[in-house]
Every structure is written in C-alpha cells, then in structure tokens.
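See the structures that follow.
Both of the next two complexes hold chain A, though its partner changes from chain B to chain C.
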Partner chain A sequence: MKTSVVQCELCPRKCILKNGDRGNCGVRINLDGKLQTLVYGNPAAVHIDPIEKKPLYHFHPSTLAFSIATAGCNLHCKYCQNWQLSQRRPEETSNYDLPPNKLMDQALKAKCKSIAYTYSDPVVFYEYTYDSAKLAKENNILNVMVTAGYIQEKPLLDLCKYIDAANIDLKGITEEFYQKMSAATLAPVLNAIKIMIDQGVWVELTNLVVPTWNDKKSDFQKLCDWISENLGPDVPLHFSKFWPQHQLKNLPPTPVETLSIAWDIAKKTGLNHVYVGNVPNHPGNSTYCPNDSRLLIKRQGYTIIENNIIDGKCKFCKTKIAGRWT
Partner chain B sequence: MKSKNMSRRSFLKLFAGATAGTLLLPISKLTGKQNSLFNKTNSTREAKYYKAADKLAG
Partner chain C sequence: MDKSTKQFLALFISTLVLIIAIIATIIKPLLKNEPSDKPETNINLTDEQTEPALIVQENIDISRIKEKLKQSGILPKEAKYWKTL
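Now for the complex of A and B:
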C-alpha cells in the first residue's frame, strides 16, 4: 500500500512525517503527502520595537522594527523567555490575519525602518518570512532575523538573499550544552553563522549566560576563541543576563559580576564590540572605539543618549566602525 | 480612542521597562485602535523544503 510519508528538509531535525503527523516544531503537518505550514500569514505576536532590543547595536541605530512571530519553534530551550509562544501550537494561540501585503502596509504606516522576524524563531515560519522579506525589499524596508540559526544550508542560502541583518543565538559552545539545554545540536548553528556572514548579512551574536550551565571562564574563553578564529574581531557579541523562566525557575538570575568577567575575557581575546545585556547602567551597554577606546555610543536601555559615530567612523580618530549605520 | 500623547507615553513605558522579557501585546494596546486584524482561523500553505519519503516509512 502506498504511504504518504514526507521528510522535512528545513532544519537539521529532518522530521519524517506520516500522514497527519506534525513536525517537531509543531507548525508543519503532512496532509496527504504534502508538507504544509500552519502559520503562514498568521503571527501570534505583533509589536513595534526599537532595533536595539533585538539586540542589534550596529544596525541603523534608533530606528523601529516592526516585529512579528508565529507560534512554534524547532528548539526547546529550558530557559525560553517566549515559551508561551514558542512551545505552543498555532491552535493554542490567538493569531492575526497578516499576510505579507498587509504586513507591509502596517510596517509602512508605522514608519518602521525594518521588519523583524523574531520572538519564537523565523525558521519555523520560513515561508511567511521568505515571502514577506522579498516584498519588504521591494518596498525599501529592511529585513532582520532573530534566530537560533538551526536551519539547513539550502533554505538558509535562499533566504539570505532578502535578509539584511540577524541576531543569532550562540547559546553555548559544546554539543553537550545544546543537547541538554535545547534538545538540538551545535554544529549546524556554527555553520549558519558563517553562511550568513559570508552572504553579506550583518550579524550580531547573543550568548545568554545561565548560572551553572555555561557561566565558567572556560566557557567564555572557548566561545570567544571560536568567534575570533572563525569570524574575526568585528562581529558584535552580547552577553545577556538570564532571568528565571520556563523550566529553569529554580536558578538565580545571572550575577552582574559573571557578566563582567565574560565581558573582560571577550575584550582580552581581541573582540572589538562586546556588550552586556539586560543590566541597566553597565558600561557594557555602550559602544567604544576599538582604536582609542573613546565612548562612541552611550545607551540607556534601548535609548541612545550620545552618538559619536559619523559616517560610520569614530568622530575622534576616524577609525571605521563595523556596522550598517545608514 | 486614546490620544496620540497617551499612546506615546504607553509605548515609552512599555519598552523602557523591558529587560529579559519580550512584550507580546496586541497591536491595539499601542495604537489605542480596535484591532481589526485579530483572530483569523489559520489556513495552510505548502512548505518550500521537503521531499517524499515513502521508502523511509519502514
């Protein structure tokens, strides 16, 4: 008897699905031998954010990102701050009717510089991201992804044609961490980071520092060594404070001292743009010139208080500062 | 309908206070307008990347 089994080729899980089965992400389903997405044009979260919230600090600062996400995710991180969205199926969330053309109308009306595909993971709402990003490009709206980067090479290369910037989670630097924390693997993420940079996407990385999981000096050093050796010194790295969430409510928030240690290690490794996130008034909130250490961008929360970057260069010594400033 | 100043004040409060949490609000909370986009029944669309895999079914 002929079966109607399909294999998804979007992410490294490569789910094999019999008729009626859903993918691990919860938002793809095999219907009579055709794999269907259940979330096209139906985000469950729609918000206007400052671009700094992604976080993207070197990409069109002080502009607004029209931010959307659907239900579902292909990772299952124990600390997920958006778990009510990412670990839900679309029938469990309230969803908007916002196909790409309506999304463009809303983003233009709100005078947003970019559309951000974010909160859960744009990998799982790939088709919606792809079509929207293509239309956004035609309308001179920039496209930003906030993603765990757990995606196969071919779909990523296809999507990169329309993506201008990405914040990619580099959650840890060992396979063991990825397996235990997120039920995923590390190698495809490292590959995705390299591919996006090679394709000309502006990339910033985020490492959420979780007490007892990835907060040792050796963890920070290994992570920074990989970035330095594989990506160079100009990819911004954000160390972010963990707040107890989802399945890790038993842990304390990340101590500020731990984040400061990570910040120091990264700078001593030679990374030029290192940040501390979710800690108000930390010096790691600001941008400094890699040449003369002068303060370039002072931030208070997501607001820029002072900006000394002119035409993409340090106002003082004229060193070119990595980023997409205009 | 909320005044423009009220909407802006609400917006500033929302993102100024945000830390690790991501705000997931209906867009009507920001604009003060009735959200006419809400609660559509999801439809399906064919995925871009997949293949037939009958031989893998076992």
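Now for the complex of A and C:
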C-alpha cells in the first residue's frame, strides 16, 4: 500500500504529516502526498515602514522598507505582539493578492529601498520570500528578513543568496526559555545567526526583555558573552521593552531601569553597538563611535535628527563603523 | 442418635458438599496450572516482517479540505524542502 505521509524539512520541527494534515506552523499542508504552502503570494499585512522600525540601525538609514507578512508562524511565543497574524491560519485572515511580480511593482512605485519579510516569520512563507527576494535582486531592491531564525540549515543557506540584511530575535539564552516561552529550541537559532553572518548578510539582533522571564543581570551577561565570543563586538544588539500582549497580559511593561542595566552590561562586555528600543528619548536610541564615544547618529523614534557617519566612517576620528551605509 | 438427627446430618453434609463443589468450579479457572507446551490461544506467529507503521487508514476527506481552501480563496502551491516517508 503506497504511503502518502510526508515530512517537512523547512524548520527544526520536521513535522510528519499524513494526508490532509497541516504543519505546526498552520500554513503547510499535505495534499495527496505532496507538501503544499498555503501562503504563497497572499500576505495579510502590507505596510511601508522606515527601516529603523525592523529594527535595523546600521543598514541604509532613513530609507523605506516595503514590509509584508502572511498568516502563520513556527513559534508560539506567549508575548507575540503580532499574534493575530502569527497564530492564525490563512483562511482566518484577510489577505491581499500580491504575487512576487505585483509586490515588485508596488515596492518600486513606493520608492522603497528594500522589501522586508517580517511581522509573523518569513520562514513559514519561505517560498514566497524566496521567489520575491530573487526578483527583488534583479530589480535592485534590497531584501530584509525579520525572523526568529528557527529554520534548517539548507533552506537558510539557499535563501541567504538573496538576503541583504536580517534582524534576528535572540529571545533568550537558555533552552528552557525557548521551550517555555516559544515552544521551540535555542540551538537552531544560534546556528542560524552564525550562518547568516558567515554568508555575508548584515545581521542585527533583538532581545525582548520580559519581566520575570529573562530580565536578570545574569541573563544579560550570558547573552552578551555568547555574542562577544561567537559573533564579535560589531553585531548590533537591541534590547527592547516588552508591552503586555497575548498570553502575558498579567505582566507589567519592562522598567526602563532594567533596559538601562542591560545596555550597560552589554557595553561593558565590549559590544560596540547596543540599543534600547521602544523607549523614547533614551540615550540607547542613538549610535556612538566605538573609538571616541562621540555621537554619530541621533535618533528620535525612527527619525534621524543628526548623522555624523560619512562614507561609513566616524566624521571625527575616521574610525570605520560597522554597517551597510550606502 | 435418633432418626431425625441422622436425617439432619445427612442433609447438612450433602449441602456442604454441593457448596464446595460449586466454589471449586468457580475458582478452578483462576488458579495457574503448570505451563503446558502448547499455547492456549490460536496465534500463528511467523517471522514475516510486518508492514511499516507509516501506513495508515486514510479516511480523511481530502476533497472537502480542498473545497474549503478554494472557498477561502487559498491556492496551494507545492512547497520546497520536504520528503515522502
């Protein structure tokens, strides 16, 4: 008797699906013994955002990113701010008809420097991301991923050929955290971060600081130590303020003091570019020269007020500043 | 011993024997006897390999799933990175 059972090999979950079953992500399905994606060309969210919102602070500042996302996700984070998109199936969302060629037309019309595959997770709309990114490259549009990095090595390597930058969530630094918060595992994420950097993708990391979950000094130190030892001092790290969402509405927002402590620990560990996100007017919103500590980029929200980086270097001491500036 | 007493004793003993016989009939199957060489059941075990466990009864109504997707405006497209088991 012929089997129609398939195994998905896109993400570390490696779901085994019999005929009619969907993957954990909710958007891949076995139909008659073939794995199909249900989210090709039908995003549920389409926006034009400043690139700084991703957040990407060292990648073509003050440019626009044409940002898209479909329903579904292969993580189930208790704090997800996009849960109405990520924890839904595509038949539960209102979707646009936006195949790669139409997406390109719209991005060009809007004069966007890049296309950002974001909000939920581009891993689960992989085929759409891949084809769109390939077409974008042919049209001189840059490609940006905002992702949790929960993906197998081979698909990631194939996709990296077309990706220019990524903001990757480094949600925590223990397996226990990933299991309890996101029903996932940490090791594949650490591997994905290293792979993307090795493949020449510009990478910035985000750590959402959640009260009582990952807000201890030891958490910050361990995270920063891993970055310093494995990635070096020039990968920007964003500590982001948590706002009560989804399944964690019982928690308070992250105190600014906690974020300031994280910021200090990261700088003392030797990381050159550390930021505090979702906190207006915090000094951690701005970029400083790692050599002489002068203010390089002053930001107010997503807007750049002052920019002292010229040709990728500090205007004052000519130190090269890590990033993709033009 | 008088006649009525003898009759009573005879009746008592025969009733007792009857009860013991009934109890013995009930508990006999519950007692483990010494093992026999032949199995008690009728299983005919062979060394043939069984079919892989992945073969499942496919009673999912796939046409209904496809119809629902179509009604929702969802067009499935073949995915990358998967294999048949």
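Observations on the model:
In the analysis below, the second predicted complex is superposed on the first by the 326 of 326 C-alpha atoms of A that agree within 3 Å, B and C clash if a C-alpha of one lies under 4 Å from a C-alpha of the other, contacts with A are read in each partner's own complex, and residues count from 1 in each chain.
Throughout what follows, a contact is a pair of C-beta atoms (placed from the backbone, for glycine too) under 8 Å apart; a residue touches a chain by one contact, two chains touch by 3 or more.
All values reported here derive from a predicted model rather than from experimental measurement.
In the superposition on chain A, A:138 contacts neither chain B nor chain C. Looking at the shared chain after the overlay, A:241 reaches chain B, while chain C stays out of its contact range. By the touch criterion defined above, A:229 lies against neither chain B nor chain C after alignment on the C-alpha atoms of chain A.
Touch criterion met: A:155 reaches chain B and chain C at once.
Touch criterion met: A:119 reaches chain B, while chain C stays clear of it. When the two complexes are overlaid on their common chain A, residue A:176 makes contact with neither chain B nor chain C. Residue by residue along chain A, chain B and chain C are tallied for touches, and B comes out ahead. Contact with neither chain B nor chain C is seen for A:257 once the two complexes are overlaid on the shared chain. Of the two partner chains placed around the shared chain by superposition, chain B and chain C are both touched by A:28.
When the two structures are aligned on the shared chain, A:20 is found in touch with chain C, with no touch to chain B.
For the contact definition in use here, the residues of chain A common to its chain B contact set and its chain C contact set are 3-10, 16, 18, 28-29, 31, 33-38, 40-42, 90-91, 95, 126-127, 130, 152, 154-155. Only residues 1, 3-10, 16, 18-20, 28-29, 31-38, 40-42, 90-91, 95, 126-127, 130, 152, 154-155 of chain A touch chain C when the two sit together in their complex. Residues of chain B that touch chain A in their complex: 11, 15-16, 18-27, 30, 35, 37-40, 42-54, 56-57. Residues of chain A touching chain B in their complex: 2-10, 16, 18, 28-29, 31, 33-42, 44-50, 53, 81-82, 84-85, 90-91, 94-98, 102, 106, 119, 126-127, 130, 152, 154-155, 158, 240-243, 245, 278, 280, 301-303. Chain C meets chain A in the complex at residues 51-52, 54-56, 58, 60-62, 65-66, 68-69, 72-85.
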